[in-house]
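In the two assemblies presented below, subunit A is common to both, partnered first by subunit B and then by subunit C.
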Partner chain A sequence: MPIINVPHHPSTSISSPTNQKYHTMAKFRLLDLVKPFQHGLPEIENPVSKAHLSFDDRMLYSIGIAIFFVFSQLPIYSVTSVNSDPFYQFRPLFAAERGTLDEFGLLPIITAGFFWQFLSGFRLINVNFNVKSDRGYFQSLQKLTAIFLGGVYAFALVFLTDYYNPTSKFAGAIDYNISSTTADAVVNVSSNIGEKFLIWFQLFVYNFLLTMIVEILDKDYGFTSGSLFLIGANVSVTFMTGVIDFTTIKTGKGYEYRGVFIQLFIIVKNAFGSLFSSSSKSNFFYEIVHLFNRSSLVNLKQVLFGVIAATLLFYLQAFHQAVPIKSKQIKTQAQSYPVKLFFNGALPIIFAYSVLFNLKIFSYVSYKFLNFTTLGSSLIAIVIAQFESSSSLVQSIIKLIVGEFSSDSFNPTFSKAYQTSGIASYFQAPTSFTGAILNPINTVVYSASLAGLIMFFALSWTKMSGSSGKDVADFFSKQNITILGKRDANVAHYFNKIINNACISGGLILAALAVIFDFLGCQGLPTALVVSILIIFNFLESFFTELQQSGGSSLYNTAFGGQDKLFGQ
Partner chain B sequence: MADGFEKALEVPVDFVKDGSAFVRKCTKPSQKEYVQIIKAVGAGFIAMGVIGYGIKLVHIPIRYLIV
Partner chain C sequence: MSSSAVPGGARTLAKRRNAKDKASSTPNSARSAGANGSSAAMLKLFTDEADGLNVDPLVVLFLSVGFIFSVIALHVIAKITGKLTA
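Moving on to the complex of A and B:
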């Protein structure tokens, strides 16, 4: 039983910053902007006390919400089909299911949380985390931004692009009365807007509900940060579905099993069958290569690298340096405070990809808006008319900034949109291994920027979230704890160095994994698996800590008895 | 030119040095612990995934009913 209360890596949760410095604020603060909304905004109440909420209840909340989340991936009403998918790379990681209410998944919530955390961490806005009302305002600010961002993304995708193809349910009903062609055109336009609004409304309301649901888990009803927990749960479902799904679907090649292992089994079975009959020849190697590279469904390559990544991560996540600590007041045995290799958990990867996802949304929407809508193309025409003398130059500059997308169109159900030109195309992951080799500049720029982003967040997150070496040292000195064999003055320096090094090595490993998987054209699934495993370990860590503290009153004690040594300190 | 290039490489090289020094000093899991972790977490991951897949499977006909 731990006598000294050691903080359990506060850095791995997005929404609850801990030790921030007090700042006196004289002038107007951005935080005050939320005050008028504070009363109107629904809020999840904190549990009365932790004692009221038993361990089993919290487990129930977590599982129930995960199940709800899987259930909630409903197709949008009044959408017949969606256009080719530009966000395929980010879908596994952000639980963003194409053409469903989860179109952006957890991106608005993560972007909002990370954006404000970033600003407050670098002192660009003043938040005093020691005051309860300020903490409340800060949370409301994050929530409001998440809801707002969800609305903005949905608006951009629905109204500014042709991503969704709405049905014309309303138009059909009116057709009886109006026969002239001009009237028909008017009806079509207006009904189109009505349908688009309906799509936008569904996306917006769902994102609002999701924000509230994530808040339930954030506020002590769960074990870890809500959005991270949902990512972890969703990736495991996506991955296992990709492996064992036994339903078939028609792809460019014909009917295929969605599950990689099922398809593999069928191929092997057919190959065996053709050995003994001379009539039917099965092209075994062609089938295997196709399964390895198929882009419409989860392929063998993704599963293979996912498994490799998982076995590696299971080993690496246990790496830690134990710092021996001792209370100065009570005579106890020395204990150890572990500084883990992945000190920030999976957050650096998630943040880096959320930046790239936002960039992708921006470039896709601006390309579609400027090229395919009347408003956008007339805007361009106006701009070009302004520079009459050098219109071709302006045109090429616009093209460079906006870029171009093209889609592989073999099957509309699975088609993906790739950015083929423009600045932002250099920040797009290589589409395949051969693509990575054929476009070396793209590959190098993308890899360098991804690795740079991951390293940047790995190094700066501790400072932003209040879990840097100095903060840990402050916490220890408040609790009258010291490092064995170190003077008090050296504690902060020591922690700074060790935590910084942990962040560097953890960040390097994560960056290397993410870059290698994208280089091989794995399209995000193995990276999502890496993230999910780190999240699951973080979850289990707090799960078993709580289990110990619940003192044997839980159902799960018998089920998991003895395993807590693996995850506890 | 060569100087600038070397300087740009300096930071990553330092990172690798510091990082590998940290990893070398780390406590690593024994083989027994590793197998235990794989068993426990792997089983949990697969169970969660399979349950989720089951839910999705039930979910598909419901989708057709309500949408």
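Moving on to the complex of A and C:
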């Protein structure tokens, strides 16, 4: 990846008069909004220098934060039970665990980042990135938005819906048994403002701390992007616990092992046992089919497709187009500059899913708010009173826009809410293969929107992340490098073509994988695995670059290097 | 007559081209300005030094661990008092 250290146009650097004019312009900029908040906003200190922070330190920060993140997914205090889950599809990818402090996971941070970086990328807001203070304001704007969005999402879910069932008093009534049917725990939802505020407060503070932690990793204390690192860590843990976990949980069927392979082993063992004894009978095929399709825990289907996806990704991620390059000054052999097939890594899927997740939150909250709270239903009554002659029309319009959710009637601990009507329901992934065939409009709209979002991202992101063909060509001309057999004037055009092709084809492959896994009813887990594998390859790339640059001074280097390093000296 | 330029023609085209070049050459992200921001495959939000309340990363980590432990403590206290009263 080219790192361009010199601003394109020295004339627009900090001291130039044009910039002074730019700054004192009376025109109001959106960036000015953040100025009053900036001095109160916590800011992680940059490491004094890169040399100051050793490789081992960065390793410790990364591992420590990953462990902290995985362990911090504990249930919210003063929540008795959680209503059926409308966000099941997005949970693995955004590290959003139901009913825990991580209810939205990294969604607020990622949404804030994409939102502002797209706005500035399309030049819809006025930011002068050549000026250091402007970059600072832009960063504070993103941070403020991430913290604010976390608060807004939590507020919407806690106060506007009946998603959480809070305890009726502060201590005592919390039901810790995960398998309870919670029939006796239903409390009057509207009355306990104190408990609701406590839930909101926990979600808000956790999101605030998570934002700061992402900032630590973003600022060279880690190896790669903080949000992506946390996604990768979480998906790895979720997948491994889904495969191998010895704990049992009571689901609708009885006690089951969380780990798919453990449960499979038990089923096979029981089947063998029943072969040799006449008394015990095991329904082998029923058990296997159930293990394939169980919706409460990670199922065999998800694991199988996850493994297929992982194998495919291991194969595909090495695909690249090698561009032969050569120095203009020194006579050397031509070297190759690789342009990867997955040029944008996992970002296209994360972008598309973050848009759909936000849409889902919006429709769920508005549905619950309008139908299940006194304020919302009185709002509807006011609107209907305005158009007295056609109240049924108003009601059907509201239904079309807001939609309806219905939850499946399984064990309430694991039940999920599906959108059954409204425009937004077409943007919901089909729940199964038969569902995808029986509801073709939904299938077409969903896959078209997912592919469209991914294409939109792939085509626009390179231009706004300093990695378009023009940027690469600028970098090459500064380093006195040319492409073999191309004139200098054509380099930018040539790279634009290659990079665009890579972005589009890589994006289409990711879109196809995501859509196929959704149609097979995998509920997002294999897609999340695809994303995390791409993230981890990116991570390893920068990790090993750093490892080599640290030049063997690291403890880990000696550990990885093997015997010749330990005994060779 | 000669003081004001005739509208249109080659000069206007050149001016337009210049304006277009200028607009497309001002960076639209931190990384294209030469700083350390989001790259092609990486979403980075916080890479610059803004002036704010400077905090050491270890302080944030200890605060987060403290927060998690306070939530755990609340759960434990609730469970113990629940056992005692029930």
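Here is the rule we use: the second predicted complex is superposed on the first by the 503 of 569 C-alpha atoms of A that agree within 3 Å, B and C clash if a C-alpha of one lies under 4 Å from a C-alpha of the other, contacts with A are read in each partner's own complex, and residues count from 1 in each chain.
The rule is short, and it goes like this: a contact is a pair of C-beta atoms (placed from the backbone, for glycine too) under 8 Å apart; a residue touches a chain by one contact, two chains touch by 3 or more.
All values reported here derive from a predicted model rather than from experimental measurement.
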Which of subunit B and subunit C A:Phe138 touches, first, second, both or neither: second
Partner chain(s) touched by A:Pro75 [first = subunit B, second = subunit C, both, neither]: both
Per-residue touch tally on subunit A - higher for subunit B or for subunit C: C
Touched partner set for A:Asp471, first subunit B, second subunit C, both or neither: second
First (subunit B), second (subunit C), both or neither touched by A:Leu341: first
First (subunit B), second (subunit C), both or neither touched by A:Met455: first
Touched partner set for A:Glu195, first subunit B, second subunit C, both or neither: neither
Subunit B versus subunit C as contact partner of A:Ile65, first or second or both or neither: second
Interface residues of subunit A shared between complexes with subunit B and subunit C: 71, 74-75, 77
Touching residues (chain side subunit A, partner subunit B) in the complex: 66-67, 70-71, 73-75, 77, 233-234, 236-237, 239-241, 243-245, 247, 310-311, 314-315, 318-322, 341, 455, 498, 500-502, 504-505, 508-509, 532-533, 536-537, 540, 563, 566
For the subunit B and subunit A complex, residues of the former touching the latter: 15-16, 18-23, 25-29, 33-34, 36-38, 40-42, 44-46, 48-50, 52-53, 55-57, 59-60, 63, 66-67
Interface residues, subunit A side, partner subunit C - complex: 1, 4-9, 12, 38-46, 61, 64-65, 68, 71-72, 74-78, 101, 109-110, 112-114, 117, 120-123, 128-130, 132, 135-140, 142-143, 146, 170-174, 176, 202, 205-206, 209, 212-216, 218-219, 221, 224-228, 342-347, 350, 461-467, 471, 534, 538
In the complex, subunit C residues that touch subunit A: 23, 25-35, 37-57, 60-61, 63-65, 67-68, 71-72, 74-75, 77-79, 81-82, 85-86
